[in-house]
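Same chain, two partners: chain A is paired with chain B first, then with chain C.
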Partner chain A sequence: MENILEIKNLHTYFFSDEAQVKAVENLNLKVKKGEVLALVGESACGKSVSAYSVMGLIDSPGKIVKGEIIFKGQDLLKLPKKKMQAIRGQDISLVFQEPGSSLNPLYTIGLQIDEMIRAHNKTASKEDRGKRILELLNKVGISNPQSRIKDYPYNFSGGQAQRIMIAMALSCEPKLLIADEPTTSLDVTIQAQIMNLFMRLRQELDFTLILITHNLALCSEVADRVAIMYAGRIVEEALIEEIFKNPLHPYTKALFASIPQAESKKARLKVIKGAVADPSAKPSGCHFHPRCPLAKNRCKVNYPEYREISPGHSLSCFEI
Partner chain B sequence: MKKKSYSQFAIGFKKLRKHKLAVFSFYLLLLLYASAVFAGFLAPYHYDNEKRSLSYNPPTKIHFLNEDGKFTKPYIYEMSYKFDEFYNRIYTEDKSQKYKLNFFIRGDKYSILGLINSDIHLFGVDPKARLYLLGADSRGRDLFSRIVYGGQISLSIGFVAVFISLIIGLFVGGISGYFKGKTDTILMRLCEIIMVIPGFYLMLSLRSIFSYSLNSLQIYFVIVCIMSFIGWPGVARIVRGMALSLREREFVLAARALGVSNLKIIARHIIPHTFSYIVVSVSLAIPGFILGESALSLLGLGIQDPYASWGNLLSESMAIAQIKFHPWILIPGFFIFITVMAFNLLGDGLRDAFDPKMNIE
Partner chain C sequence: MATYIIRRLFFLIPLLIIMSFIGFLAINLAPGNYFDTLKQNPQISRETISEYEAKYHLDKDVFTQYFYWLVNVSKFDFGYSFAYKIPVIKILKLRLFNTFILSLSVILFTWLIAIPLGIYCAVNQHKFSDRFFSFLSFIGLSIPNFFFTLLLLYFASKTGILPSGGMHSLGYEDLSGFGKFIDLSKHLVIPTVVIGTSGIAGLQRLMRGNMLEVLRSQYVMAARAKGLSENRVIYVHALRNAINPMVTIFGGSLSGLLSGAALTEIICSWPGLGSLMLEAVRSQDLFLFAGDLLMTGFLLIIGYILADILLAWVDPRIQYQ
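Let's look at the complex of A and B:
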């Protein structure tokens, strides 16, 4: 299967007077055409920064220091700004975490979807755009779209707002959709609805989905492949069945162990000891070593190489 | 039945309607602006229609009762004067001839906005007598007419200057806050250079760049330019501050992520969010510009005679003796006062209705 997106050796740092925050370090990721890849990790592990790097949305004080992002055979980092702007929304789209605040409260949702269509298709006539808006709203399951076009964002619930954001993101039928924790701020029943919507639309529109989440249960239902991130690096990557059956990296294991189990009410919830690595002062060697049960001396000195241990299953750990 | 969905502005205006004083001020201003637009029709005389023999004629008394003490159509008497021992004119009514106050009477020619040309005035008297509703100035021109005509300049200058400084301020502030970095530093230092110079001196020194003898249209233009030049940095600084925080909002990021261009984001997602502040600041800034024009004209650097503005009408009252003997020449000041007051009250109401702090969480 061909790769739609290939991230090579990506380093995205944030600079401040006191410190250099290495938000993403040496990130290598291949996304196959048509798959659902889940990018999983704790808060502040660099998931969103990776996504923004791909979208070219890293602003000062942040900077992509090194790396390549190959999309459709061209390096996005080398593209002029104007071209990158045309790619955003057209070829690669992003759905955000907070649907409520991702919509501009001053405009009706019809106008906002219209803006997206116009940004990429300057020749479309008003009637065509109007039809397209209705079609999109129908597609994402907004009931009675005709009457809701003139509504303001505050008239919509979180789930509905997310549906509208998805409609906007898909307005130009992108090849790659990055969903940055699309269901985190929604309640559980709505989460399921939104994920079902993603899966249905994926079949209809045939796009590749990168799902950024920290919800492993969600991954198990929708993802084809999972990449686990810790402290700005990918530590393990495998097919979904493989990772659930056979998690190898100590961090992945710990993550799975800390999923609450409904049956074992009396047992205490397992947690990973220690705190997430401070991105401005990461531990030397393997960043996970202070919390790792297997840590040896060499883990404190060198960062383990990222290697493939069985076809499609890669990780970086000395002890496995 | 589905309820209509209201925009934030519609909600703001609903709130504004409950603010009685602001609504009253709004209608008062509407009246003042309407009178400036229809000055020609409303004023009994042209602003330069003089009768030097009636210098400083006091306000004309309008009689409603005839000699028998019965109600009659309003009429006036012609005035005649004698000199007192200091050669001041003492005016008395010449009761030999009554002049009826006529409505829709023909008089001086005028044009409204260059569209309607006419010579019909709302009221007036037979040309043999003269009607001085608010008294006359040194050259026997009707002060009421001059005030109404003066409103055209005084009231519009604030609006035009605010409008121009707003456009520059929004543009510069929006760009500065959105792009941050070097652009921001350069633009903001520029603003500060203008802002550190005390406004009034800057105004005077800028005026001195231009020739003293300009025609009235050129002067109007020069004053507008000076005022906008002084006004825009204030707007730009505040808009820049708001843009800095707005650019971090999710909907701006979302618009960027979906490929909307930077200028469109500034125009459609940043600047409209500053409007709640803009509406308030405009209504509070206009009085400053009106006062600025008045100050320039008062010093003789603004609008020149024979054209009238409220400031240059007041310049006649700079000598204390004039105020003592002809107190009515202070009336233009009263018009400045109520206009400034009304704008401030309206601004207060707008602030309550559109409080930026309530709209930007």
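Let's look at the complex of A and C:
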């Protein structure tokens, strides 16, 4: 299957007077056309920064130090600003974590969808755009859209706002949609509704989805493939069935072990000992070694190479 | 909205009553009154003075005095100025107009410079131009107004380009309409620059801060992610949000001008409400003082009401019931 997006050797750092934060380090990722890829990791492991890097949204003090992001045969990092601006929203769209703060509070949602369509399709007439907005809002399940296009974001609940964000992200029919923890700030029933919406729209509109999440249960339901991130790097990558059946990297194992089990109510919730690596002072060698049960001396010195151990299943660990 | 404004205006009345009463009390606490100066004048007889005192109820206690004053004010009679020998209302009208002109000129000067400058600095954060204007702003903030005025007045008198103080030149009455305007504008330059400089500095910093905060917000990033042009992101999405808190400050600045301008008005001998207040207190011109206080307070509150209305107009989330 052809790759729609290929990230090679991506390094995104943030600079301050005191420290250099290596948010994303040597990230390699291939996204196949039409698949749902879940990018999983703890908070602050560089998931969102990876997404922003793809979108070209890294702003000072952040900088993409090196790497390539190949989309439709061209390196996005080498594109002039204007070209990248045309790709954002048109070919690649992003849905943010908190819908409430992603909409500008001072403009009606109609205007905010309209300006996006207008930015990418200068020839569409006002009536066409209006029709398209209604169609989109209908599609994402906003009831009575005609009366709601003149409403402001504060008139909508979190779940409704996320539906609007999704409608907006899909307004120009992008080939690739990146959803950055789209359900984290919503309650559980709404989470399920929003995920169902994503899956339904994916069948209708046929786009590739990168789902950024820290929720493994969610992945098992929707993803085709999973990439596990730790401290700015991908540590393991496999098909969804494979990773649930046969997790190999110690971090992945630990993640699965920490999923609460309904049967073992009395047992204490398993946690991964230690704290997430501080991105401004990552441990030497393999960043996971201070928390790893298998760590040997060599893990403290060198970073293990990322290798494929069986078709479609890659990881970086010396001990497996 | 209309009922809200009416209610706010209604609440204005008790506020003004309390304020003017405290003013009355304060000036009565000061030893003596205007007539003590007259008493030392041998040409004025005791009887005349007592007659005056009785006429204006000054022989009574402060509560009675205040009561009579309040009754008169409710009939738009602000009393009589002892020092000017004319009704207070006539002086206030003139002075209010003068202060209004100065305030308008200062507001235009400060806001038209500070807001664009703040935006410019925020968009070019940490670049040389941002640092340069920040440096200038700190100078503007730290230079004392009276010192700056004296500096400019010295410059004016040495070069003769600008008039040094006052509001009109000597032959003002003979000038044509346009000539009058030019003459007034020239006189406005120094007080406007002096009062405006510290205002620009502060506002510029505020606007820059607001803008920086908004530029970092998620909806601005979301606007970029939509593929909008950078101009649209900054001037449509960020600016509108950054300008909102400034609206509240705008109302406050109206009142700040009235009190903050007093010192500059005095040094530049600009005949406004601020310098009038000082004259009235010095000569213990009771009714002039009370009238001036009432007027200043009124303008202050109106300023805030105006700001609230403006805010509701620019921010759809604010609705007054």
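Simple rule for what comes next: the second predicted complex is superposed on the first by the 320 of 320 C-alpha atoms of A that agree within 3 Å, B and C clash if a C-alpha of one lies under 4 Å from a C-alpha of the other, contacts with A are read in each partner's own complex, and residues count from 1 in each chain.
Going forward, contacts are C-beta pairs under 8 Å (C-beta built on N, C-alpha and C of every residue); 3 or more make two chains touch, one makes a residue touch a chain.
A quick note: this is a predicted structure, and the numbers were derived from the prediction, not measured.
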| item | value |
| --- | --- |
| Fit or clash - chain C, chain B, common chain A | clash |
| Partner chain in contact with A:S284 - chain B first, chain C second, else both or neither | neither |
| Chain B versus chain C as contact partner of A:Q90, first or second or both or neither | both |
| Touching partner for A:S147 - first (chain B), second (chain C), both, neither | first |
| Touching partner for A:N246 - first (chain B), second (chain C), both, neither | neither |
| Which superposed partner A:S157 touches (first chain B, second chain C, both, neither) | neither |
| Candidates 40-48, 76-84 or 130-138 of chain C: the single one with C-alpha clashes against chain B | 130-138 |
| Intersection of chain A interface sets (partners chain B, chain C) | 55, 57, 60, 85-90, 93-94, 96, 98, 101-107, 115-116, 119-120, 152, 165, 168, 172 |
| Residues of chain B that touch chain A when the two form their complex | 2, 5-8, 180-181, 249-251, 253-261, 264, 268-269, 272-273 |
| Residues of chain A defined as touching chain B within the complex | 55, 57, 59-60, 85-90, 93-94, 96, 98, 101-108, 115-116, 119-120, 147, 150-152, 155, 165, 168-169, 171-172 |
| Of chain A, residues touching chain C in the complex | 52, 55, 57, 60, 81, 85-90, 93-94, 96, 98, 101-107, 115-116, 119-120, 152, 154, 165, 168, 172 |
| Residues of chain C that touch chain A when the two form their complex | 126, 217-219, 221-230, 232, 236-237, 240-241, 244, 314-317 |
